[in-house]
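Shared between the two complexes below is subunit A, which pairs with subunit B and subunit C, respectively.
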Partner chain A sequence: MSALDRLGAVIEGEFKIISREPGGLALLVILPYFVAGGTAIIASFLASINRYRFMEQFIGFEVVMLSIIMIQTGARFLREERNGGRLEYLLASPTNALLILLGTSIVMASSMVAAFLVSLIPVAYGVYGVPGLIRSITSLLLLFIGLMPLYGLGILLSGVVLRFRESDSLMGLITSAASLLSGATYPIEALPKWLELLIRVLPMHMLDKALYGEVMGYLTPSRAIYLAVAAMIYLSLGVYSYGRLQRSLLRKGI
Partner chain B sequence: MDAVRVNGIRKSFVTLERMGLIRRRRAIITALSDLSFRIRWGEAYGLLGPNGAGKSTAVKILSTLLLPDAGSAEVNGFDVVRQAKEVRKSIGLVLYPDKGFYARLSGFENLVYFGRLYGLSKKDAEHRALELLKRLDLIDAANRSFEEYSLGIRVRLSIARALIHDPPIIYLDEPTIGLDPLSSRSVRNLLIELKRSGKAILLTSHNLWEVEEICDLIGIINKGRIIMEGKPSDIKSKLGLKYVVEVDIDTPSGSKLIRIETKEPVAELRRLLSTGDKVLGVTVKEPTLEEAFMAAVKDERAG
Partner chain C sequence: MAGYRDHCLERAFSDVMNETEKGLRALLARPASLVMSIISAPLWLAFFVLSLEGYGLSLRGSTLQLLIWVSYSFSLYSTWLWEFGHGILDEQQEGVLEYVLGSGSSLFKHVLGSGLAFLIYSLLDMVIILASFSLVFGVKPLIMNPALLAASIVLASASLLSVASIYSMLVAGLRSSWVVTDILQFVLPAIGGLLPSEFSPAIRAINSNSPLAYPFVLMREGATGINELGTPIMTQLMLATAFTAILLGLSWLFLFMADKRLRRDGRLGLR
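And now, the complex of A and B:
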């Protein structure tokens, strides 16, 4: 059986598991409305808020939320597999563990893209009409590409998380850092230069700008290219980091 | 060619010992020191040892889940370090009998999933999963979520997973832990059947009578090395354990029980029967493997 068939098996299994836990996906659809809506209400006391500003905030919070989930995916998967006693069985199978990780990431990314679509359609239609609706569908490919570097970043961090005994605390810290460094809900130009540079290197800010640009109809090719290059770089770093992690696990024990 | 050949495996772990509130000290724990043994085809090998003796470390190295520091091991003719993928295809594994499955998937779905990870096509994996579910008397629970299963069902499902790709070698770490007597017996019968079909089995268990029933050869491991090896009966005789001979004889004042502990039960029985007394009953109690295990580990600790 080819690697593609095995990947298919992982994807099928993961989809079954996710479909039996629909609560999380429902939250992904609803939450941006509450957060962006709440922020808009608070901001309306201080400044004039229009539907375009709401749209920007809405996409910004979507990006923050999906980024956090995607960054956590690799580490959470490995941690859950280890705690559930499955990691040994997966590593003892002849299927490459990276293939299993890739399968789970595809499922997670696809689920988030689907949730994003369901969530975005009413807002995009409300703000930009039918063209917005069409562009929100084409933005899905962009989102899928944009989630890949975040997954690579997540694998990069998973080695640290697995070694750290208080992995929940560390995950909390990473979540907070990812929210702050997303640059998706505030103007990063106001930050010190070094911090602005760091945020520009991380993929969240560019994903936000690319998605918003696409929904508005002003996507520049450079942003899409940036995301594709970032996907390759961060995924390569993730694969390299995972290789080191696996060797370390084999030396020290799981 | 042996099914499994282990030559002088060594493995140490670095750990940190707490020396107070903050200070920690590096400590090295030797899990395996010069471990060697081999398993032939169609043979069940029992690895016995006290907690922390190195049994699980040995099983993990032979499963390619841990790299040895020194020494070598071959499984089905493949080196566990250099040919890990081939080794993985050759083995079925039961590590934590009640864990290691996806809670939201059914037993059938779990088996098919792992079968496909072992390279079976979807159709073959489904066919094989159904076959094993029937064989392990799990067919009624096949479509229920794993999280609803009792311990007994989980253990049997774990054994089914180890057999899903029909491997020639099977490792089982405490496979019948928590099982009721009926389920334990069915697992033992299955293992004996697998052994007879030519598969090699590596078994660790604290149920020593179970090991005695299944295994052809036993290795007693302590402090990371085999301290005694042989057939269960050979180990008992090597340790000079005594049989208990009880003869119930009829005397004018009523029946009398004579109880003698001896290393030579046949000679002792002959002597007792030759006295001419009317014998009402004879019982010969063989020393158990548990006694042998206790004696071997105690000798090693004293030595």
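And now, the complex of A and C:
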């Protein structure tokens, strides 16, 4: 069985697992409306909110939500395998665990891209009409590329999560930190310089700017290039870090 | 006869207290998790308030004071639904409830005892939120009527204990109950007094007519000293107490039926 066949088998298996809970996918579509809508309602009592501002915030909250899920994907997979006692078998199998991680990430990213599209279409059409609708479809490629550095970041963190006993709580902390450091739903210029710089280095802020720019019709190539470069850097760091983690697990046990 | 009744009450009280102690021990058994939630709280708050500023607002003074209680109310809804409501479902899956029933206790006593432990835990949550607002935004939280605030927190927690336990019995048979919970954690606060009545006439109408809203409105009134609804505080307090008592009664009924079903065929819930 070639590596490609194995990857295909992993992807097929993952799709079957995800399709068992269609409610989860429906939630990915609905949740941005609750969060962006809820904050917009609160804000509307204190200032006037126009549809362009809502659109910007809607994409921002989408980016925050998808980023959190993508960062958690690798660590959650490894943790569930460990807790279920399957990680040992996985590491002992001839299939490289990185291939399995790649398969799960592709499935997760594809599901999120699909959910993003379904979620965005009504808002993009409502604000920018048919051109907005078309541009929201073209923004999907950007989103897929932009999710990759987040996945790399997640694998980078998975080593820490696996070593920590209270991994659920640590994931909660990572989630809150990632939301704040996304810089996707507020102007980052108001923050201290060091924090602004950190947010600019992380991929969420740029993903938000790129997606919003594309849906508006003003995407600058530099943003797309930034995302592609970030995908390479963060994925490389993630793969390197996971390699070290796997060697350590094989040497010392789980 | 009176002696027998006193003995039964004494036994029930002792059972509930035992459950409370057990619940508290379980909640505080993971100090690392407590530290994480202490660190997470200001991060979430900063994210929430900065996101509101993303709509072009500049949040100051009295608005931030109100947002403290909006945050705490949302935290109460979220915690009771997720940690408590889903906690009951987790206990069923892990087989804990079988031991509880086997020990001669009842589902209602177990839920009430764990709920009291949760109430104490949620007070810690309030301290963290107040400290976070003070740390992140430099706001000194106002508490104009501590007795009213304390009463409202107890009433809000008792209402949510009832709602969460009834809800968990209703969704116990669902495969993806978490999806419903995720949606409900936004819907329930919206009709349950999360937003201050000063925001709009529509919110005022919701807060005046929703049985769930009164304890949360009283919470803000106890803190800020401003009567939001214009109704006398005593009337609001009586209405809140009456609604909470009704909810607790309903919760007892639902749990009693679920208890019988669990003993008969080993499945939780009402379906």
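Just so we're on the same page, the second predicted complex is superposed on the first by the 254 of 254 C-alpha atoms of A that agree within 3 Å, B and C clash if a C-alpha of one lies under 4 Å from a C-alpha of the other, contacts with A are read in each partner's own complex, and residues count from 1 in each chain.
Assume a contact is a pair of C-beta atoms (placed from the backbone, for glycine too) under 8 Å apart; a residue touches a chain by one contact, two chains touch by 3 or more.
On a predicted model such as this, the values are computed, not experimentally measured, just so you know.
Student: In the superposed model built on subunit A, check whether subunit B and subunit C fit or clash.
Tutor: Aligned on subunit A, subunit C fits beside subunit B.
Student: On the A-aligned overlay, A:236 touches which partner chain: subunit B = first, subunit C = second, or both, or neither?
Tutor: In the superposition, A:236 contacts neither subunit B nor subunit C.
Student: Looking at the overlay, does A:21 come into contact with subunit B only (first), subunit C only (second), both, or neither?
Tutor: Touch partners of A:21: subunit B and subunit C.
Student: Considering only the touch criterion stated at the top, classify A:91 as touching first (subunit B), second (subunit C), both, or neither.
Tutor: first
Student: After superposition on the shared chain, which partner residues are touched by A:30: those of subunit B (first), subunit C (second), both, or neither?
Tutor: In the superposition, A:30 touches subunit C alone.
Student: Identify which of subunit B and subunit C touches the larger number of residues of subunit A.
Tutor: Higher number of touched subunit A residues: C.
Student: After the superposition on A, what does A:222 contact: first (subunit B), second (subunit C), both or neither?
Tutor: So A:222 meets neither subunit B nor subunit C here.
Student: One more residue to check, A:40. First (subunit B), second (subunit C), both or neither?
Tutor: second
Student: In the superposition described above, what is the shortest C-alpha distance between subunit B and subunit C in Å? Please give a whole number.
Tutor: The answer is 11 Å, the least C-alpha separation in the overlay.
Student: On subunit A, what residues does subunit B touch that subunit C touches as well?
Tutor: 20-21
Student: Could you pull out which subunit C residues touch subunit A in their complex?
Tutor: Within the complex, subunit C contacts subunit A at residues 30, 32-33, 36-37, 39-40, 43-44, 46-48, 50-57, 59, 63, 70, 175-176, 179-180, 182-183, 186, 190, 195, 199-200, 203.
Student: Quick check: in the complex, which residue numbers of subunit A touch subunit C?
Tutor: The touching residues are 20-24, 26-27, 30-31, 34-35, 38-43, 45-47, 49, 53, 56-57, 60-61, 164-166, 168-170, 172-173, 175-177, 179-180, 185-187, 190.
Student: State the interface residues of subunit B toward subunit A in the complex, per the touch definition above.
Tutor: Touching subunit A: residues 13-14, 57, 60, 63-67, 85, 88-89, 91, 93, 95-96, 99-105, 109, 113-114, 116-122, 161 of subunit B.
Student: Under the stated contact criterion, what part of subunit A meets subunit B in this complex?
Tutor: 1, 5-6, 9-10, 12-13, 16-17, 20-21, 84-86, 88-95, 100, 250-254
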